[in-house]
Amino acid sequence: MNVGAWQVLSLMLRREMCLYFRRPDQLLQPLVFFLIVTALFPLGLSPQLSLLRDMAPAVLWVAALLSALLSLEGLFKGDAEDGTLEQLALCGQPLGLIVAAKTLSHWLVSGAALVIMSPLVAVALGIPREAFPAMLLSLGLGTLTLSWLGAIGAGLTVGLRRGSVLLSLIVLPLAMPLLIFGAGATDRAISGASAAGPLYFLAALCVLTSTLAPFAATAALRITLE
Amino acid sequence: MNSGAALSLDQVHVWRGDRHVLRGVSLQLRAGELLQISGPNGTGKTTLLRVMCGLLRPEQGRVSWCGEAITEIREQYQALLAYASHEPALKGDLTALENLRFSVGLKRRVSAGDLTAALACTGVEACADLPARVLSAGQRRRVAMARVLAMRARVWLLDEPFTNLDAAGAELITRLLREHVERGGLGAVVAHHALDGLRRLELQA
Amino acid sequence: MWNWFYKLASPPYVYRLAAVLAPWLLGGAALCIGYGLVDGLVFAPPDYQQGDAFRIIYVHAPSAWLSLSAYTLMAVAGGIGLIWRIKIGHAVAAAAAPIGASFTVLALLTGSLWGRPMWGTYWAWDPRLTSELILLFLYVGVMSLRSAFEDPGRGDRAAALLAIVGVINVPIIHYSVQWWNSLHQGATVAKFARPSMPGSMLWPLLSMLLGFMLFFGGVLCLRLRGEVLNRERQSSWVREVVRAS
Amino acid sequence: MNVGAWQVLSLMLRREMCLYFRRPDQLLQPLVFFLIVTALFPLGLSPQLSLLRDMAPAVLWVAALLSALLSLEGLFKGDAEDGTLEQLALCGQPLGLIVAAKTLSHWLVSGAALVIMSPLVAVALGIPREAFPAMLLSLGLGTLTLSWLGAIGAGLTVGLRRGSVLLSLIVLPLAMPLLIFGAGATDRAISGASAAGPLYFLAALCVLTSTLAPFAATAALRITLE
Amino acid sequence: MNSGAALSLDQVHVWRGDRHVLRGVSLQLRAGELLQISGPNGTGKTTLLRVMCGLLRPEQGRVSWCGEAITEIREQYQALLAYASHEPALKGDLTALENLRFSVGLKRRVSAGDLTAALACTGVEACADLPARVLSAGQRRRVAMARVLAMRARVWLLDEPFTNLDAAGAELITRLLREHVERGGLGAVVAHHALDGLRRLELQA
C-alpha cells in the first residue's frame, strides 16, 4: 500500500496545522506582531497624527513583511532541533512535497490570516474603504511570494549557527520589490488611481516564485541536511 | 564485493572537523542479518549509522543497496528504512499517537489500530493520548521504538535503543530484534553491552 | 487576630459568605441602576452643548471607574495570595479579572461611541484612551498568563506578579488628562468642592456609580463561588457540598 | 573558598558575553533587524519621501523597541531548553544576581549596541545632528528600561507553550510609555524645542525599573522554575 | 523522624497532570549513604530526584536537610548539591572546559587545572577544547559527570548516569560512586541495573 503524492501533501498539511494549533503562540505570533507594529506607530507619532494616513501603506507593508519573516525562521528549525526533520528526510517521499506542504501551511497561518485581519488594521490607520480590494489582493500575493522566498532562505540556513541573521539577509533583498510594489499598489488605491500596474507585477512575481521556489527550497534543504 | 549482500559499505571514510572518524569501514549485510556496532564513546558509531541511512555522505567510499549506490535510489531505499537516533525525535506538542500517525503515515498507509497495537507492544498504550512533552525519558524511547515497529521496515538502524529503558524494556527490545531477524529483516544496532546471536563490529578508538 | 483572619479567608467560609452577600449586592445594584437610568436618561435636562449625547456618561463614567478599581482590587488580592500564600486571594483575583476586563471593554465602547459626536472620530491616539486600551491589554495578559500554565498554582502566582507590576498603569490613566493636554474630559465629578455639573445630572450619575459597584460586588461573589469550588474540588468539604445539592 | 557576589556577577557576565560572541547571529540579530526596519520604511514610502523626516522619530523608536523585544524572548529560553537553567538555579547563589547579570548582558548586546549604531540610521532618516544627544540619551534610557521590563516578561513566560506571544502581550503595554516619551523627546529635539521634560520622565522610569525589576524578574523566574 | 539523617523526605506527594506520581515517599539519608532509585519507566524516579534537589515543590510533604526544610535554607543547601539530569545540560556553543568553568565556578573558586583534572578523570580531556555541540552522546555524558566531580559537592543526585556510556565508562561511574561514599558523601542515583552495595528504593508502577 504505497502512499501517493496527494496523501503525502494532505498528511503533511494536517501535521503542520495540528502543530500550529497546538502551539497557539506560533499561530498568533505573526498576527499579534502585525497588530502591535501597526499600533505602535501612531503612538510614536502622537504629536503629528495627521501624518498617519500618508504613511499607512508603508506601515502596513513593513509590518506584514516583518511578521511573515519572523515566523519563517521557525519553518524548519523546530523540526531540525527535535530530530523530526531527519525522520522526514528519511521517509522515502520526495522532499519537494514535504517542503511544499510546510510552506503552504506557513502561508495559511501567517499570510492568509494576516490578509483576513488587515481590514481591521487598515481602518485604524485611516485607509479608506475603496482601497481595500487592492490592498487585500496585493497583501495576499505579496505574502505568498514571501513565504516561498522565505522557504529557500530557511532551507539554506537551518542548522547554521548564524541562521536567523543570514535568513534576513537572504530574504529581504529578494523581498524589496514586494514592498515597493505592494505599498505602491495600496498607495495608488488610496489616492484613487488605478493600482493595476503594480498588482500585475506582484502577480507575475508570485507565479514565478511559486513555480521555481519549491525546487530551489528543496535543493537548499538537501544541501544543509547532508 | 559480495553480490548476495543487500546493504554493503565499501571503504567508507569520514572526517569530522580534523578527526578522521571512520577510517575505511567495509561491511556487508544480508537478509536476516542484524549487526551489532560497539566500541568506546566517540569512536564513530553514530556517524556510521548516519552514513548507512544516507543522512551523511562519506568523503570517500560507497554505500550501496542491492548493488546500487544509495544516493542513486534514495527514495526507494529510504522507504525501506527505519532509523532511530540518539534522540527519540518526537514532537513534544503532539500526542504519542499523533506522532506515530504523522511519521509512519508517510511510509505506508496505516490505521489507528495498527499504531495503537505498536504502542501496546512497547508497553506505552497508556500514554497514547499524552503529549510527548510530558512523557518520561523511558516512555519517549518506547514510543520511538513503537514507531520503528509500525513502519514495518526491512532495514532497522537503531542507535542505542536500550537507553533509559528498565529491565523489562531491555528484554522487550531484545525480543523485537530477534523477531525482526526471523522475519528476514536486516540492519544494525548500536549497543554497549553484548547482544546474543548478533555479529559484532567493534570500532576502535 | 491572625487566626480570625485565616478563618475569614478559609475557602468554605468564603464560599458561604459569598452566597449570603450576592443577592443583597445584586438587589441593591438593580435599585441604584434602575433609578439612575430612569432619572438620567429621562428626567435629567439635556446638556446645553451636547444635547442628549451626553447621556452616555451614565454608562461610560461608572464603567471606566470600575475598570480601574477592579484592576486595583485584582492586584491587591493577587498580592495577598502571592506574599502570604493565602489561596483565597488568588481566587478573588481570578474571579475579578474577567469582570474588570468587561468593564474596560464597555468603557472603550461607550467612550468611542461618545467620541463620534464629540470629537468627530471613534478613536484617537490620545493619552487617556491609549492608556485605557493598555489596561485592556494588561487584563488580557493577566488572564492568558494564568491559563497558560498547566499547573494552576504557578499560573496564579505568575498572574499575580504581572498584575502587581501593571498597577503602575492605574495612576497613569487617572492623571493622564492632567499630565498631558488631552482631548478627553478632565475630572468633572471628583471635584467635590464645586462639582462642575448641575445636581440634576450629578445625582443619577452617582447612583449609577454606586449601582455599578454593587453589581461588580455581586458578580464577583457569584464568580468567586465558582472559582472556589473549582479550586477545592479535591477537598472533602466540596464533596459534601456537592452531595448535599 | 566561597564565591562572592562580584565573582558571580563577573562570571555570569563573561559567560553571557562568551555565548553571544559564539553565536554571532544572536549578537547581530537585533542590530540587523533595527537596520532593516529603518531601511524598509523609506522604500515603502518611496512616492512621498518628504514625509520621512517627520516620521523619523517614530520609525527609529518602533524599530528599537521591536528589535530589543525580539531578542528578549531568548533571554532565558536557550538555557531552559538545554537544561542549563536548572543548573544555574541550583548553583547555590542568589538567583537575583544571575538574573541581573543576564539582563545587563542582554542590554549590552542589544540596547547599548543599538544606541551606538543609531547615529548611522538617524543620518539616513534625515534627523539633524543637533538632535543626536537627546536621541542617544533617550534610546539608552529606553532600551535599558525595556531590558528590565522584558526580563520580567521573559521570566514569567519561560517554558510556556504560548511564550513568545504572551511576552509581547505582557511587555508591550508596559513599554508604551517608553515609546511615547522616547519618540516625543527625539521629536522635540528635531524641531529645536527642549527635550528635557520627556528625558527626565524616561530617566525616572529607568531608575524605577532598575531598582524594582530585578526583584520582580527573580520572583517571576522562581515561580516558573518551580 | 531520624535526627541523624542529613537529608530526609517525609510523606512526599506529587501530582503531574492528573497522575498521582509520588504517593507518600519517605526516606532518610545519612553521611556516606548513597541510595539507588529504580523502578519501571514512568514511575517517578526523575520526579523524585527533582523534589530532592528542590526544583519541584511537592504538593504535600516535607523535604529537609539536617532538620530544616530545604525551602528555608535554599541557597545553603543547593551550594552542597550536584544534580545531573537526563540531559547533559551543556551549552553546545561553549567548549567542554568553558562549560565546566562557568557552572562549577558558581559553586566554588576553581582553577583551570582542577577542571582539566576532572575531565581527565572521566576520560574526555581530549575534548576539553571542542564545543559541546560536536561531542558524541557518551562524551557529553562524561563531561556532565566531570562537572559533578569538579563541584566537590556533598550531595550527589544523578539521573541515570550510566546512559550512553561504554563498558569502561560504566565501570568508571561505579568507581566514582564508591569513592564518593568513602569520602562521606551522600545522595541518590537513578539506575535500572542493580548497583553493588547501595541501599535500593524500588518505585512501583
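Labels for the chains are A, B, C, D and E, by order of writing; each one numbers its residues from 1.
As a convention for this text, contacts are C-beta pairs under 8 Å (C-beta built on N, C-alpha and C of every residue); 3 or more make two chains touch, one makes a residue touch a chain.
It should be emphasised that the depicted structure is a prediction, and the values quoted were computed from it without experimental measurement.
Considering every other chain in turn, the ones in contact with both chain B and chain C prove to be A. The most distant chain from chain A, with centres taken as the mean of CA atoms, is E. Taking each chain's centre as the mean of its C-alpha atoms, the one that lies farthest from the centre of chain D is B. Counting C-beta pairs in contact, the pair that comes out ahead of the other among A-C and D-E is D-E. Of all chains displayed, D has the C-alpha centre closest to the centre of the whole protein C-alpha set.
Between the CA-based centres of chain C and chain E the separation comes to 49 Å, rounded to the whole angstrom. Note on chain placement: the centre of chain A and the centre of chain B lie 37 Å apart, centres being C-alpha means. Separating the CA-averaged centres of chain B and chain D is a span of 46 Å. Shown for chain C are the residues that touch two or more other chains, namely 130.
Residue positions of chain D touching 2 or more other chains: 22-23, 161-162, 166, 169, 172, 176, 180, 226. Along chain E, residues 17, 93 each make contact with two or more other chains. Contact between chains, as defined at the top, is found for A-B, A-C, A-D, B-E, C-D, D-E.
Only residues 1-3, 7-8, 11-12, 14-15, 18-19, 22-23, 78, 82-84, 86-94, 225-226 of chain D touch chain E when the two sit together in their complex. Residues of chain D touching chain C in their complex: 152, 156-157, 160-162, 166, 169-170, 172-174, 176-177, 180, 216, 219-220, 223-224, 226.
The touching residues of chain C, counted against chain A in their complex, run 123-125, 130. Within the complex formed with chain D, the residues of chain C that make contact are 127, 130-131, 134, 137-138, 140-141, 144-145, 148-149, 154, 157-158, 161-162, 164-166, 168-169, 172.
Of all residues in chain E, those touching chain B in their complex are 16-17, 38-42, 46, 86, 123, 127, 130, 134-139, 141-142, 160, 163-170, 192-193.
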